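Right, one structure below, let's go through it.
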Amino acid sequence: MHGMTIYQLEVVLRSGRVAQGVLLVIIGILTVYALEKAKRRPEAIKVRKIPAIDAFEEAVGRATEMGRPVFYTPGMSGLGSLTTLSALSILDYVARLTARYNVPIIVANRNWVVYQVAEGIVKNAYLAEGKADQFNPEMVRYIASWQFAFAAGCLGIFFRERPAANFYMGYYYAESLELAESGYRIGAVQIAGTTSTAQLPFFVAACDYVLIGEELYAAAAFLARDPKIVGVLLAHDLSKILTLAIILIGAIAITAGSTIILDILSK
Amino acid sequence: MVNFTDILMVWISVFLVFCVFSYCYRENPLFRLAEHLFVGLSVGYGISYDLWYFKNYGYLPVVYQGRYDYLIWMLIGLGYYFFFSRRYFWLYRLPISIGIGYGTGMALRSVIRSDLIGQINTTIKLSLIGVDPLTTLNRFVIVFGTMLAVVFFIFTLELKGALSYIPKTGRYIILAALGASFGNTIMGRESLLIQRIQLMMGSKYFPWEAAGIGTVEAGSYAWIMTLICAAILLYMIYTDHVKSRRAAAEATATGN
Amino acid sequence: MAISLADYKRSIPLILCFIFGILYAFEWYVDIRVGDFSLSYYLEHDMLNYFNAMYSVAIGIGAINIFRIHYRRFTRRRKYWEYSLLVLILIPVMAVISVFGGRWAIDPKGVVVPRWVYDSLAPTWNFLYWNIMSLISQTMFSLLGFFIISAGYRAFRARNIDSIILLISGILVVLGQAPINASVWPGFETIKNWLMDVPNVAGRRGILLGAAIGALAYGVRVIFWYERRPTLAGGE
Amino acid sequence: MSTWYERLENIDPRWIYLLVYIVIAIPIIIPLPSPLAITPYTRDAFEAVEKLPPGSLVVLSFDYSGANPELHPQAIAVLRHVVRRPLYIYIVGMWSDGPVMADQIWKVIDKTGYDPEDPTKLITKEYGKHIVNLGYLATTALIVGVYDTITKMMTIDFYGNSIDSLPLVKKFDGIKYASLVISFAAGSPGPATYLQYWATQNPNMKFVVGSPGVSAPGFMPYYEAGKLGEIGYVGVIISMRGAAEYETLLGEIGLTGAVAALNAQSAVHYLLVVVVILGNLGYYLRKYGGGGR
């Protein structure tokens, strides 16, 4: 028995993070529950109108009438950002629309990994609509990874190829207003969606429709046009009600002089 | 005596600034020049960064630290290139799906920590009752305003009648926040523009040396180039005017 | 959601996404230790080096796409082919200068490549980088100074209650920001500070909380294969 | 043809761009005084320099890099002020770029000022006699050391002159003789270091800080303390605005460009207010007075 070490498997909860983990598990369970519920009874979940979502098809239709392309960009962040991923999910819907209406789409990317995925998604969408022959790899472009080189490239595209419907989904920095203002100047219908609170004011100011924060994720689910997936919005709402309850109880508790909720959250 | 290369440097800078600013009038060959210069240079620069990254995170560990286990992962990384292959296209999904999995896992935990619990914590840190009535009012507005703004996002439950004012109020709070943010950003944006205009005007306040553009004395010759640029702009406007008049004349001619 | 193992082109990526997603979501809360081995430490250090190695071999993939687009535009003499030619020349030229004489130069100390190569290329690189690239970049940024006023002009119009609220809070902050206004009436600054510290905080927080919940639900969908579009992009 | 109020409602963005350019360019070309309200923070900083008795020693610490757009104008204004007053000046920097910035300002600044030995006489200040750039204070040991004696800690100044050859260093061999320290601080290391090592040794040494807008709130508790005579700052110059106020107090409009930049800022903010009013006017005239549309 000499010289042998017995290794023991230990599971250690990392302190200060337990509440975070519990909350993640709760939201995870709520999400799976809502999705499975919607799978069985899709009609049980009704979703309120989100004007920006209804405007998608209209905008693509308008581009078709005018014979001008549709412009889409999935934002400035990389694949590690959920905002970018949801923008790519929405790209699937928009690319299906353009395939259906036979109108060219231009997808501009700043990150080359995102560019690869975006091209794959557009290709899939054209395949799914039975228009594989119309897919052209030049539709999806990598512009440049420098923030303003990307912006300059987009501004060039705007005036040279004159898109009639511009979609800005994903995460943005200062270039948001450059895109939106130039889009206005070429008379495009503009729909934006971002979670960046710093750039939302500019999109709200210069675009026709804006998906604010969570609405972007809602659109990613809603535009799948699959009642089973739309069910996830129920999970959004349940989680929000949970959050509201925590805030309300916490605010009342702290006013009464107790830090109980703060303590639990930092466990 | 001012060095001529310094003046040349200043003139090149002024000209490039004008090339970009000319976009405000319309897209034109000068903007196109600046745009393609920028894109070309930045993409070339990006390649050097990629190589540097490869040297430090791939080549050096393998060759100098004998980390041959890295080679497996580098092999997976080659999958990125199969994006350009028809036959083995799917291999590119390997690095991508690892990246998505890793990124999503990381995002989940950071969102929970900073955006969810972090924001909840700052909201409930202070007692609703402040030292004076105004502070109390402000605290109430912040806490209940935050809650109303969250209610605005509820999707599956439509509040009707008098209750419909709850999400509506949330929407108004969000709009007030966005309007205020808009106004608050102007100063920062204008300070950049002010500096560019100082450059074009050859102002002695522009940090010429720090920006690596000649010297203050050379900068005082910037106005010559600015005048040339103004002349180019006027010429552009004039030719557009002539062109549009000719087009209008032709339109009426064919119309009759 | 079900997957089929026979369809390895799809199932392997999905499984990889699931494994790494779960690992990285939970190692933050729960650590598994066997002797000296700590899973959290392994994932937060060694594994990240592996990811860096994986990512490091992808050299110039974006550049390939740009090169393709401009090459086609140039050889087919499409409109604006002259500019494409410029890009085609600049990319390799700048790449060579940067690799041997730039900020991320491969061998600035002259271990393999002689030192004089770096020394003679560095000034050219500095000119191209600072006096052309950075200058254009900052000027592009400064265009916002024009655009923000024009966008404000169109957005701040009292069409309905929504835009009236945007208008009022926006203009009040603008008045509070104008530097000379403090001497016109100090109240402008007080109102601005209140708007920035109270309603702005509440509104932003609401947006952040909502977006956080949306992101969480979306992330769960990606890991558990309800959302496959990004993971399985590309035909076949 | 569209009516005039319809045109007001839909001004071509290009006219607005042109207006923005003009409104910014005019204050830059023509330096005009600005009716700025002077904040107490800047006034206190100005008074701290103004009230120094002739022949006092002032230390300016340049703790920023590049031409920091908020701190550089402050440094220009303050350096001009101390040169104008009958004072002796040491320049140091806890950031390696700092002394370089001081050198850039010294090269171009107006060097006339009152003689510290005879405060009624206007002279041209000389390097070595009235002002010395001691250079970069790289280590804590150096910061602590130069307090007592400079000649033992340093051999050369920023320009490479032998420290012993400088008359000013002979006169004041140590920071301890200084009455006022002014630090232009972009971050860390910053003036807190001086409070820790210098202020604790000499309660009569006063401190002023030049701060960017974002870090100003952090300095405020020390400003409150400094006003009460405890360890802290007797004045705070905040961002570009503070520089402009300082320039106004100095009465040398057009010295730093801060007043010009702030005038441009005010003008462009007002431009937005004006175009918004015009736009709304056009909108309402069309809607209610536009003849039944």
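For reference, chains read A, B, C and D in written order, and residue numbers begin at 1 within each chain.
Going forward, a contact is a pair of C-beta atoms (placed from the backbone, for glycine too) under 8 Å apart; a residue touches a chain by one contact, two chains touch by 3 or more.
In this text, all values refer to a predicted model and were calculated from it rather than measured experimentally.
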Chain closest to the middle, measuring from C-alpha centroids that were averaged per chain: B
Pair of chains ranked first by number of touching C-beta pairs: B-C
Centre distance in Å when subunit A and subunit D are each reduced to the mean of their C-alpha atoms: 45
Rounded Å distance, subunit C centre to subunit D centre (Cα mean): 35
Centroid spacing, where centroids are CA-atom means, of subunit A and subunit B in whole angstrom: 18
Subunit B and subunit D, separation of their C-alpha mean positions in angstrom: 30
Multi-partner residues of subunit C (each touching 2 or more other chains): 25-26, 28-29, 58, 61-62, 66, 80, 133, 136-137, 140-141, 143-146, 148-150, 152, 154-156, 166-167, 171, 174, 177, 204, 207-211, 213, 215-216, 219-220, 222, 230, 232-235
Where subunit A touches two or more other chains, by residue: 17, 20, 24, 79, 82, 85, 116-117, 119, 143-146, 148-149, 152, 160, 174, 181, 184, 197, 200, 202, 204-205, 212-215, 218, 236, 240, 243
Residues of subunit D engaged with two or more neighbouring chains: 13, 17, 20-21, 24, 265, 268-269, 272
Residues on subunit C engaged by subunit D in the complex (per definition of touch): 145-146, 149-150, 152-154, 156-159, 167, 171, 174-175, 177-183, 186
Contact set on subunit A toward subunit C in their complex: 5, 7-14, 17-18, 20-21, 24, 27-28, 30-32, 35, 79, 82-83, 85-86, 88-89, 92, 112, 115-121, 123-124, 127, 132, 137-138, 141-149, 151-152, 160, 174, 177-178, 180-181, 184, 195, 197, 200, 202, 204-206, 212-218, 220-221, 229, 232, 235-236, 239-240, 243
For the subunit B and subunit A complex, residues of the former touching the latter: 20, 23, 26-27, 31-32, 34-35, 38-39, 42-43, 45-46, 80, 83, 92, 96, 99-100, 102-104, 106-109, 111-113, 116-117, 120-121, 123-129, 143, 146-147, 150-151, 153-158, 174-175, 177-179, 181-182, 185, 189
Subunit C - residues contacting subunit A, complex: 25-26, 28-35, 40, 58, 61-62, 65-66, 68-69, 72, 79-80, 133, 136-137, 140-141, 143-144, 147-148, 150-152, 154-156, 166, 204, 207-211, 213-222, 224, 226-227, 229-230, 232-235
Parts of subunit D lying in touch with subunit C, wherever the complex brings them together: 11, 13, 16-17, 19-21, 24, 34-37, 241, 244, 262-263, 265-266, 268-273, 275-276, 279-280, 283-284
